[in-house]
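One chain, chain A, appears in both complexes that follow, with chain B as partner in the first and chain C in the second.
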Partner chain A sequence: MKVTRRDLFVWGAGAAAGLVFSPVPWKLLDDTSIWSQNWPWIPQPARSPVEVKQSFCSLCPQGCALKVRMAGGWPIGVAGVSTSPVTRGALCPLGYGAHQLNWHPRRLQAVRHKESVSSWGAAQTAFAKACGEGPVIVIDGYPGRAASSILEAFAEKRGSYRVALSPELGALAPYERWSGVPANALGYDLENARTIVSGAPMLDGWGSPGRFTRLWAESAAGAKDPQLRLIQIEDSFSRTGSRAWQSVRIRSGSESALAAGLAHVLLDERLVPARGPIPRLTLADAAAQAGISEDAIRELARTMVERRPTLVISNDENPQVAALNVLLAATGARGGIVRRTKGTRHLPADAVNLNARAILIDAKVPWNFTPETDAEIFRFAAWDDGTSKSDWLLPAPGFLEELTDIPAAPTSAIETYAVAPALSKPRFEVQSAAQFLGNLDPSLGTTEKLIHGRCNGLFRERKGTLYGAARVPLEKFDSVQKVEEQLWKGAIWTGDPPSVGGWRCELKEWPQDPEKLRSRDWASEWPAAVLPPLAVKLYQESTLREAPERRNA
Partner chain B sequence: MSARYGMVIDLDRCTGCGSCMVSCAAENNVPVLPKASARTGITPMLVRRVSNHMAGADHREVFFPILCMHCEHETPCVRVCPQQAVEVDQATGIVMQMPQRCLGCRYCMTACPYHARYFNWWDPGWPSGMEKSLNPGVAVRMRGVVEKCNLCHARLHAAKERAAAAGKREIDPTDYVPACVEACPTQAIRFGDLAEKNDPVSEEAKSPDAFRLLVRLGTEPKVYYKSKEKWVRALAQSNGGRSMEAEHV
Partner chain C sequence: MMSRNQFVFGFGLAVSLFAGWVLFPRALYSARPQPVEFRHKTHAEKSGISDCSQCHAFRDDGSYAGLPSIDTCAGCHSERIGTSAAEATLVDHYIKPGQETPWLVYSRQPANVWFSHAVHVKRGGLACTECHGSYGESDQARLYQVNRISGYSRDIWGHSMSRLRRKPGDGMKMSDCEDCHRRHGVDVGCLGCHQ
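Right, the complex of A and B next:
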């Protein structure tokens, strides 16, 4: 058989036509696309065994219990701890992405002095020099920790210790002035309240995420006549308002006027047993300022007392709103504001009038706290968003990089205590403010020693219950080592339920001149300078939340 | 007996906090994409805010977590995929997506009546070093493929491995819980085996307040919603649930 040139052409054309109908080109296309999609520089997760450890989030004072999955020494995921009696398995949405924070591009990696890189030695020398030249103010954002004791002890020798109040703690500040009981000793007995009138984002970042949201879900959600009535009063229709039993819209900044109007109705119609001072603002003026009718205020006041106990919670420090709780006899009462501990009075850190040679700001102070002062500022921070006016920026431990203890959350009705061990090592040299001051003055002790002392104190008192793998009353432990061992493994100690009574507020006159309320949401109260990168899912890749006005979010 | 994993989402309990969205992304190594928007981002779990469009005191809102509905019957995405990159796992009822087979034609995205599928427009990327925080149990998907919720299949694998190590043939039901279910602070999202009569989720799915989206298409979705609010049920049924897209605020 002779093969001609024509045969070759026919064979070639046939092969080309046949190839189109074979899987070969598709397979080639597929393989090419897979190859081109898997460039070697595409990140891949590290392959290593996963272990689960328990700790606590110390990013904000709520101190939520964490179940942390670790691989290769790094946290790779966090979840809540369902056995925690406080958070009951819940975290805030930002908490679920917090394990990525330590890798954030804005992580502060070196000491910075006036925008240029410096050293820990230079910072230490500059601070020691400042201490020798004049008074020093130490500002803490998370009081009650062992580290706070170190800050306080140092400040008492060299100047003064101040606390940047969280909005939750700020809302309790008026009661401190009226009764003398420290605000950090008070909490809300939400579980026993039947009506909660709120101007705070109760379902959107207020208090411990698991506490009120779970309570609301169990006793209010979806019911037309719920066991717990949530009445939300605010100037916009928030997420909390959308899920509340009743939502009342008022003009921005008119919360105090509405409180005065409600007080008028409560007293005039004898809806409350107590007699109290009558506000100067008339009901008509209150209605005009709040932008709702007098009848609406009357109706609201009657609804408030229909189901008692009634508790009023403000967004921030607002004496007139707080005075409503006094009229409603909700102070020192079941379902109201209770005293959980002795507490300690602290000077609040105002952003102005801070006269000192130097100011040291702890990393737990919210980033948006910027003092207006001529003093030299030494600010500890794990992340830097570039807006700080600090003279010195000192890298602090990041998420789960520091041993700390976790005192009771600001709104908690019961006393709690937990220990959050450091689960991962920082990648560069960091120091907490307590370590920094401890280096200057070794007599202050260390966080670890103080935590040991506190565990010892708990053991000696033998009160309360330890929630670990099981729920065990503290009196059943026979050594402090066993208590400590449980706490270091992620257990949480809870005190006995607070006794009602024992403290009460009295109003001699209706309070005036309330602080202007700040608008609050989940991001504005986030204490770190940056949000977890995955928060973009909430405000950029969905329309669930508005983009926070933060430069590096 | 094969399982039929599904969910019941109690809309009355959802506060729209978004914990489910973030925990889903963290669990499944969904990349952080600086350029992504609501249209181009990857949100296998997406919470939509919808209202009844009434004014004043009658105004009501509800949050709808939308994810792959894991359609049981004539699953639209499975039927259109030219690559057999999507299939219904007969042992679990989970609609599986295999990125290695996907060509990125996006027919499945067009076919999905719930808009629960997402295309990877960019190479996955994280800030330097952040890859150490990724979940080693889930592979990173490449650019050019479609992805969606797979009910945290990696967690099912892990539960099976634990069961096998303990010498058991069946997994402990409490050992397999998707990330969004675990994260929900109000326990609005509940997960279980719909084929198991005694499973609380299976019973809840039969509640008179329970409903599914786009039932008229006959695809038998395995994600149920629940609400006592009449307007919510009416909204989901009106126009086959498509009105939610317009309501999305």
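Right, the complex of A and C next:
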């Protein structure tokens, strides 16, 4: 029998049809996709027995409690700590992917001087020279740490210390001006509020992520008339807005106008006992600017006071919104803005216009902070998004690569203290700003010694509770070593509940509009280029909003 | 009567199916023996080990320790018990030099998967056999078949190439995890396993 060309084609067609009904294409597709995950240039977590350690995130001042899975000395996974009294098991999307950040392609691996590779020695010499030639300003983005004390001590000798306020801390700044109580001594008593009027992304990464989301889940979620009413006011319909008890859409940038309109109604209709300065803006103008009707503002004002205590939370430093809390008598009151500590130290926050020979910027200062200055800038950063105009870029420790202490979060109503030890070693030479300055001036001390001193202070005061494996009042500890040991293992100390009263705000005139609005949430202070892929994916999928790079453009 | 074209087409189809279902799996997987011929059944019968967790233990903190260390084996095998070649290998190559046995783990998952035995066994109440099958009753250490492309064990896909009519514990792919979670009504989202 002769085999023809036609036979070959027919045979091939049969073979092709058979192939579809065999496992070959489907299995090869599956296997090659798995194979592509293991290409040699893709970083792989170490294979070794996994141990779980507790620590704290220091990427932002919220200091969330972490359960870190470690393999071979590297963090390979991060989760929240459900027993933490502050975050209660929650993390922001950036925190969940933070163990990937140390391997990020944008990781700053070498000292850079004006776009060329330099050395730590050259940076040290240049900074020492600058210190000898004129005043130096040190800018901190995470005040209250032991490292901050070193930065401040150095700055006091050689120039001045400034703080780049986080949006949450900035939102409390107006009360500092009106009462004299430092913004970093204040916090929100969310747990006792019954109505929260907010322009902040409360359920989308505001403050310590777990605190409000858990409170919301327990007191409001799914209820038609919840114990806790959240009235969300914003210019775009966010995830927080979609879950709030009431959502009000206003024009972008009209928060101050709406606040003025609400103040008119609160005072005109005597909905609040306080008497206060009347805003210049009329109710009609406020309504026109906010893009909602006068009746809607009236209705909103009445709803705000229906169930008290009512607390108004601004997304940023907005004195007009803050003034509403003064009218509502929510300052120094239960369910309002409380004083969590008796500290009287004000944070020097005027960090925009800076006149000095050199400026040193700590790695905790958000990347989008760019000082307007001619001074030589020494910027510490763990990640480089390529947009910095700094003269010197100095590689700082990445996620969990340095010992730091964790002071209370800016929004916290109670004092807290924790320690985040260095759990992994950096793969290249890095220095924190505190180490760098400590090398220049050894009399400043070290972070470790300062943390020891702070632990000693806590032990001597014998107040509050330590939340570790168990909840133990501090007075039960018989030595500072035991307190320190617990803190180094991931315990958190919490102070006594906030005191109500003892401070008040005086509003002599209705405040003016803020000069500049700050950024909104956890993603906006991070350049999109250095967000770990998991965080970007979660961010996009969880909120159905545009990617950070588009929003920031 | 079958035409010539039908016959040729059918022949091509048959060759392709035979190659896909019989030859392809043999080519796809390579087989390697375990470093020591281990018999679960013998240990269960002769040593009175009745529970998996006696060797595959949980640590004091609740986490799963995985394979037993060489110290556990040395508890009985510090000197040779018997005359088998496997016994000699275990004692002379691993226990006496204090070197861990490089077991080939049938159920090893990719690095991007986080799996907690403690959660599934202690909280979920799953029996070991629900995922690992009846391997604990086996009388010989079966060959470790590794996928030449992906580099993972055949146990992950399962021994049935079609993944149909599989026995319990045959297959540990993500879809198997999802099926089980669906059956038990446990929703953990993406981050439950891919943290």
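The rule is short, and it goes like this: the second predicted complex is superposed on the first by the 476 of 553 C-alpha atoms of A that agree within 3 Å, B and C clash if a C-alpha of one lies under 4 Å from a C-alpha of the other, contacts with A are read in each partner's own complex, and residues count from 1 in each chain.
Just so we're on the same page, a contact is a pair of C-beta atoms (placed from the backbone, for glycine too) under 8 Å apart; a residue touches a chain by one contact, two chains touch by 3 or more.
These numbers come from a predicted model, not from an experiment.
Novice: Could you tell me if A:Arg243 is touching chain B, chain C, both of them or neither one (first, second, both, neither)?
Specialist: first
Novice: Where does A:Lys53 make contact in the superposed view: on chain B (first), on chain C (second), on both, or on neither?
Specialist: The answer is neither, since A:Lys53 touches no partner chain.
Novice: Which partner does A:Lys27 reach: the first (chain B), the second (chain C), both, or neither?
Specialist: Only chain C is touched by A:Lys27; chain B is not.
Novice: Applying the touch criterion given at the start, work out whether A:Pro105 contacts chain B, chain C, both or neither, answering first, second, both or neither.
Specialist: first
Novice: Quick check for you: in the superposed arrangement, does A:Arg307 touch first (chain B), second (chain C), both or neither?
Specialist: So A:Arg307 meets neither chain B nor chain C here.
Novice: In the superposed arrangement, which partner chain does A:Lys489 touch: chain B (first), chain C (second), both, or neither?
Specialist: A:Lys489 contacts neither chain B nor chain C.
Novice: A:Pro45 in the overlay: touching chain B, chain C, both, or neither? Say first, second, both or neither.
Specialist: Both chain B and chain C are touched by A:Pro45.
Novice: Contact-wise, after the overlay, does A:Trp11 reach chain B, chain C, both or neither (first, second, both, neither)?
Specialist: The answer is second: A:Trp11 touches chain C but not chain B.
Novice: Look at A:Pro75 in the shared chain and tell me whether it touches chain B only, chain C only, both, or neither; answer first, second, both or neither.
Specialist: Touch status of A:Pro75: first partner only.
Novice: So which bits of chain A does chain B touch that chain C touches too?
Specialist: Residues 30, 34, 37-38, 44-45, 47, 50, 69, 76-79, 96 of chain A touch both chain B and chain C.
Novice: Give the list of chain A residues in touch with chain C in this complex.
Specialist: Interface residues on chain A, with respect to chain C: 6-7, 10-19, 21-24, 27-28, 30-32, 34-35, 37-38, 44-45, 47, 49-50, 52, 69, 76-79, 96.
Novice: Please output the residues of chain C touching chain A within their complex, sorted ascending.
Specialist: 4-5, 8-17, 19-21, 24-25, 28, 61, 63, 65-66, 110-112, 114, 147, 149-152, 157, 161-162, 191, 195
Novice: In the complex formed with chain B, which residues of chain A make contact?
Specialist: Residues 29-30, 33-34, 37-39, 42-48, 50, 69, 71-72, 74-80, 89-94, 96-97, 99-100, 102-105, 203-204, 209-210, 213-214, 216-217, 221-224, 237, 239-240, 242-243, 247, 427, 522, 532-538, 540-545.
Novice: Hey, which residues of chain B end up touching chain A in the complex?
Specialist: The touching residues are 10, 12-13, 15-19, 21-23, 25-27, 29-30, 32-34, 36-38, 40-43, 46-49, 57, 59-63, 83, 100-101, 103-104, 123-140, 142-145, 179, 182-183, 185-188, 227-229, 248-249.
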